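Letters A, B, C, D, E and F name the chains as they come in the text, with residue numbers starting at 1 for each one.
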């Protein structure tokens, strides 16, 4: 089998994470996975949602948006429509849950870390790229208020990737938009540094899928996530990698 | 291990589906799973979304809502807030996708089948109960316009159930609200009559989960879905069961 | 004259009130008036609107909604439209005013009683059925926090019914949907246990109506309300009936 | 009994209707009832609502708004809040129904007459003043497209007034704001030129009201409406009065 | 050149300001510039926006609206559309900035002065008429809480006028709607009593404009503003004029 | 005088325009003016607004948005607030008018060119940078459908810059955020290739400004716009520059 962009079935697209992308946020990266490009920013705010006031605990939450010009056919601006779509909110909830799964909210203190994922160019896998990139921005942001001797708020690494079964019935890793739109099965896998799952969301778009296919897709997803976590470590560098999981 | 309501780990709650629950819609059932009660109605409309006009194809879509009085603490009415929550839209998209996975949209003709899932009482598992009940209403509705000799629009059975890992680290089937709010891992499984998956959505709420746990949860989910499909057949009766999957 | 459903002009439809219909709210009934079915729930909340804070007084307010599947032609969900219709708000204001007319807000204390009227099936007279049913849920709810020796917050009974002048120019009681849509004059009457009016809202849909017709319609409305209050007493039972109007 | 402004119980406030108040609309008046001042404009548009397209019939609909500066305490602008209140919509529906009760929608042809009632100063009775004034603007507007020999779209006169039972238990006519806010019973009466009712909306604000009180309030309302219709005739002048009720 | 209404190029339309136009607000005028008529009201509220709480400073802000019946073709009500248009908000911001430029917010104390400009009839120049009229209402309102010996919150006069280049390439003052809709260049000038500019907003509608044209338009605008300030003084009368600019 | 970033009073910040920034839109640039960075994209759509249907004419319109992470203090996402702010709409109207001033809408044919200006980083002058960058994207987009021998839809160059009077009373060119927030007078100037003005918007933030200051600011603005137009020509290159103003 040859894929659209000549990759093998188990190969990720070319990826880079560009750190310190913006001037103002505490953490900010540009992640590229092939033609998919997402700005992930992490802002630290000295307030928490109502249900956490006075508990000493913090919060991590995410927002996601597509630039109208990011897609093949221009996407209507949600601020003009007057509301976020269901798809947008579903993605925001997924990003938030994924990051919180490796965060010690007590160690954040009464702060909210706002994650903004703004897609500059969309060619499939924007939600998983958002998670992978946002993790790096999150570590950057936590390092700005971390004081030595304390627990570092980020306990483990987390990355995400899409897998699927192609229209030619082959399991493939990291689908681009064209592959995704033809795929029979589509799955997003979010994994931590210790090789366990945070989220598995599989959908049979064209037909249901068997237990065996499920297991094969999980294997592919694990492979992709592991490679991305390894890259996150390269990009963060020894000093920040050393902080992740610090217990004091 | 003994569960809150004395069930075994692999046991479903008491369930019933009450057919012809409302007077006006083409299909209408009340499904009860323990204390969870959902009215599922299917209305046939002679119009299709914009992107299907003139194609001869139909559509199935779903809406979901909680009565304010359905929950332990009263839920604010979404019509008063002025918009549906992200959670509501995520559930609506799941129900719609699950039903469409067993529907031949060409066989519907240029019609839309609106599925309304209105939760009268919520004690965990409302989205999976909605799918299981809505399937029965969908078959009822399709039978109202089906003409002998044609393909019946519903190709296979579909049911759904929640599974999870309890706070005592045990895999359990069909979580009630109290179990769900304490669960470490929470998963929804949607399965067809031929034993394949339509959707698998697993989330590590308390901690990530391993490959082995994933496999065990899938097994439990399959068991629950199979039992519910068997009950759907009892409830629909031979004449309607015979229609499902008819190819002319 | 024979009516659509063979009733006489002055006869109510078959009615029932089913108490303790839901598990969670302090009060909850299902009221049926012919094919019209409404769930009326009363929830007690330990907060009051802004203008009552610190006064020691409480509040009663109502919300009303139709399930989309409740009507002959499916009704669009207001949460999807993003706002409540004028009709919905008008009905909510009527239900709230009617109940408050028999409530001693001081005796409630700084609590809000939220009345939710959710119409499961609509065949005319949903607003009046809501008032009649909500009254029972309200008494149930007040009894949950009432302490002996105090004033009971509900001072008198209240019920409601529709009357009208049919397209055959006959005054009729308790119109079903088909009668209502053809009626020349349509009137809602809300009455207390002592036989006085709380609300009278009459509209000449087809033509104006004379002073004599007005008086005749009032007489019919009184008859209907009286019968319903008598039934409310049966349903509530001696113990709760004894509380209504208690002054300590 | 002496009223706040020295009127007798059965006396209207000083009233005037100023015709041709604005330059652009087909009909436009300023009505004053004491300190209550409302601009009522009628615009003719060559389109009808969806449900009337192709029927040859027309429509009359009304919108109502308070200038923020019209009330003792400034009222928040509904365009800023982003929606109309329930009260506003209830009033708009009342004005629309009242005017349509004297209109032959077939004689309008496929046109919509938009009635705009904008309250410049509010001192009680704004909805009834709106109806009384809007009637004059409506006749003006219909005369702009009326062609001799046809049926004139306005079949009869219509006016409206508020009545009530004061806090001193006296039935009174045409309540100003201060009287209205203290009234025990509040009623709006809309009457046609032939002395029949279009709308009767009575509410027991402070206590329920008896059958006898109801009858007395109707009598007062009729008296007020009759006087206002007589004034409408003066203001319209012979030529326009002659048109009302013309059948060709 | 002769203008539509026979004015000379440098002549204002007939203008009047009618003081004490409404009963309730602290300041209220009706300003007429030809057929353009605007009610400008100033309400004093004992609260300030969030960012001024506890500073002892006050605020002046403005809202603007067109009655639907104010324009040649009826304008849709913004409360019905559910939001203010961009044009409305742009005008509100302009009015607010213009008035604040002559206000000492410290001298207001912790109060907000709400300016409501409601256009009764629109024939061009509604935003500039709003500023000119609102200034008078603002002075009236400030005089209601001003205590002798203090700084008066209004430091100088301010007025506004439109200028433009006509479709016949002539610079003209105070454009009516018809002139405005054909103008090649359109400019609004806001000027203070000492002859300096607060706002200059020029737009080349039909073509760009040269430096020389810009200078000529500024000259015309100054002329118009000066005449209006002179009239504001006449209308306010000696006692209030004396207050403007008082420093104790 | 030395400015914050050591520029002279009449010096622009370092600027670049990066062409072909995104993959999908017909035109797309990244413009940087100092730390201000804006993505300007131009999409060609085969539809026109309602008022142009069937006229053969096209339209140019603009949307503007700040990424939440673009500003020193995070900006709330407008899609979450549910509406665009007044400031956003005012900027969108300015960008649209400025571009249309150099566009021959007939030469566009029945197409809409959507301009999206998304600010990645905001350090003052985002609206003027948007105009200057959007012009280049617009030319790129028009060249994609332009056919030789026709009129090219873009008739002249257009650029924009901010000028102001600093808190030290000096006229300065191209204000960064810190300068802007302290400026006494703030002005935006939009100019065409032939040296004429399209828009001049000056506001006295701290105090009114004199005729002489106005003239000096216009001179500075002209200087800045000229330099940017010269750079637009460099960036577009001979082939595209040659098209601008082509008449066939």
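Just so it is clear, a residue touches a chain if its C-beta (ideal position, glycine included) is under 8 Å from a C-beta of that chain, and two chains touch if they have at least 3 such contacts.
Computed from a prediction, not measured in an experiment: that's the story for all the values here.
Path length between subunit C and subunit F in the chain contact graph, taken as the least number of steps between touching chains: 3. Rotation relating subunit D to subunit E, from a C-alpha superposition: 180°, rounded in steps of 5.
Rounded to a whole number, the gap between the C-alpha centres of subunit A and subunit E is 52 angstrom.
Centroids built from CA atoms put subunit D at 29 Å from subunit C. Shown for subunit E are the residues in touch with two or more other chains, namely 82-84.
Considering their complex, residues 83-87, 89-90, 92-93, 97, 101, 191-192, 194-204, 207-211, 214-215, 218, 222 of subunit A touch subunit B. Chain contact summary for the complex, subunit B toward subunit C: residues 22-25, 28, 35, 39, 41, 43, 45, 63, 65, 67-72, 74, 77-84, 88, 114, 116, 118, 120-121, 123.
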